[in-house]
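The two complexes that follow have chain A in common; it is paired with chain B in the first and with chain C in the second.
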Partner chain A sequence: MPVFIKIDDYNSVLEIVKAVRKKLDDAKSTLLKINDLKNEEDHQLEMWQNTLSEVEKKIDFINHSLNEPEQF
Partner chain B sequence: MGWLFGKKKVPQVPLPEGRAIDDKALRFPVAPSRRVIEPKEIKEAVGFDKPVAFPEENETAMDSPFEPVDESEEEGLTSDAYPFESRKEELYVKIEVYQRILGEIDLVKKELTELNETNKKLGTSEFNEEKNFNRLRKLMKGLHDNLLSIDKVLFKG
Partner chain C sequence: MKKSKKITAKGKKLRTEPVTSKDKHLNFMVQIDEPKNVRKDILEALREIIIFMQGYETFLKVQEEKLVALNKLQADAKALNSLIENKLKRYLPKGKLKGLISKKTLPKEEVEELPTEEFNLPSEEPEEPEGNELEDLELQLKDIEGRLKNIK
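This part shows the complex of A and B:
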């Protein structure tokens, strides 16, 4: 024999579920934005790293040039 | 002690014997008590901890967790998404579905707690990132100043 549970305030439960769904959509949208920002940040960091490597090479060259001028 | 008070008089008229009365006949009828379940006791009341053999999951079972309703009643619905929204009548959900909903709510609560922890970690991580970024900026400024000094020295000569 099936047993049933009586649900009082069914409409308010539906309203809460609706609000929760809206919040979930907002959270998903925010997460997408954060992901985009993170990708942009990663890109900028990569550029930083490349530029830093270039600077390092140049400093090495200057260092070698100053320390062993006869080779150049 | 019969000598003191005299012989006990026996009534001449026989006393009515009376009828045997049923004990239950003298009791007030007990109204069927309506058991009120407090929110804290819901899980216990529906036997949430007890294993329940759920029926095979299929689409139709999940689509209609409520009591079946006559098709003629459904014609008057205003919203397809919430078929019981406009009704004032009492609504009942199958206990299996109810237990499942309680279980899902429990899982959601656990997942939200985990997300909260992750959020805290991310907050700390962002703080560290900001700190490291400031340190990097200071280092680059120092590097730039040093290069300017070298430049000045080299071009001076």
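This part shows the complex of A and C:
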């Protein structure tokens, strides 16, 4: 059995649904941006980790060179 | 003068004495096997630390951007909630279907003939505590599933 509703209400609901869809799209794009930023952060952290281990290696080498000179 | 007295008086303790200023001036040499590499490593380590510090600045910027984006997301979520709760819900039937469930025992034809406006009527029963919301939802779900079966 069909249901009849007022055209005004129908239009209002359509407009609200449109607005909701727009907001959802906005939220989705914002979430994507946050994800990108998070990936960037992760990448930066990884780079830091690599840099620190490189520096650590170099300092170890320097330390080794200074503290353990060639034995005669 | 005092030092010399101590040294002569304590005999063997001479070896445990801290390095005196005279010893400090002795020019011992330490051989470094690969001086170029040591220098290179020091410079490279410095360079990498500077890059690290630059990365920190970038990281801060990224975090600020992320904070702004998170705030925007929160605002979007609030706006969505407001749209659905305050505007859309006014036009849609209310979720409390308890009244309908009791009427479900009526013959099928009578249930179908019920006007849709009845859904909008507030339930006469007092509001139940939040703990029963889950049960309500389950009931609603069952009701919806039943309706879907009827439609099929």
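Going forward, the second predicted complex is superposed on the first by the 62 of 72 C-alpha atoms of A that agree within 3 Å, B and C clash if a C-alpha of one lies under 4 Å from a C-alpha of the other, contacts with A are read in each partner's own complex, and residues count from 1 in each chain.
In the analysis below, contacts are C-beta pairs under 8 Å (C-beta built on N, C-alpha and C of every residue); 3 or more make two chains touch, one makes a residue touch a chain.
Fair warning: this is a prediction, and the values are worked out from it, not measured in the lab.
In the superposition on chain A, contact of A:Met47 is made with chain C only, not with chain B. Of the two partner chains placed by superposition, only chain B is touched by A:Leu14; chain C is not. Shared-chain residue A:Leu24: touches chain C; no touch with chain B. In the superposition on chain A, the chain among chain B and chain C reaching more residues of chain A is C. After overlaying the two complexes on the shared chain, residue contacts for A:Leu37 are found with chain C alone; chain B is out of touch. Applying the stated contact rule after C-alpha superposition, one finds that A:Val3 touches each of chain B and chain C. Once the two complexes are overlaid on chain A, the chain A residues touched by chain B in the first and by chain C in the second are 3, 5, 55, 62. Interface residues of chain B facing chain A in the complex, by the touch rule stated above, are 46, 67, 82, 84-85, 90-95, 98, 143, 150. Chain contact summary for the complex, chain A toward chain B: residues 2-7, 10-11, 14, 55, 62. The touching residues of chain A, counted against chain C in their complex, run 1, 3, 5, 9, 12-13, 16-17, 19-20, 23-24, 26-27, 30-31, 33-34, 37-38, 40-41, 44-45, 47-48, 51-52, 54-55, 58-59, 61-62, 65-66, 69-70.
Of all residues in chain C, only 30-34, 37-38, 41-42, 44-45, 48-49, 51-52, 55, 58-59, 62-63, 65-66, 69-70, 72-73, 76-77, 79-80, 83-84, 87-88, 91-92, 112-113, 116 touch chain A in the complex they form.
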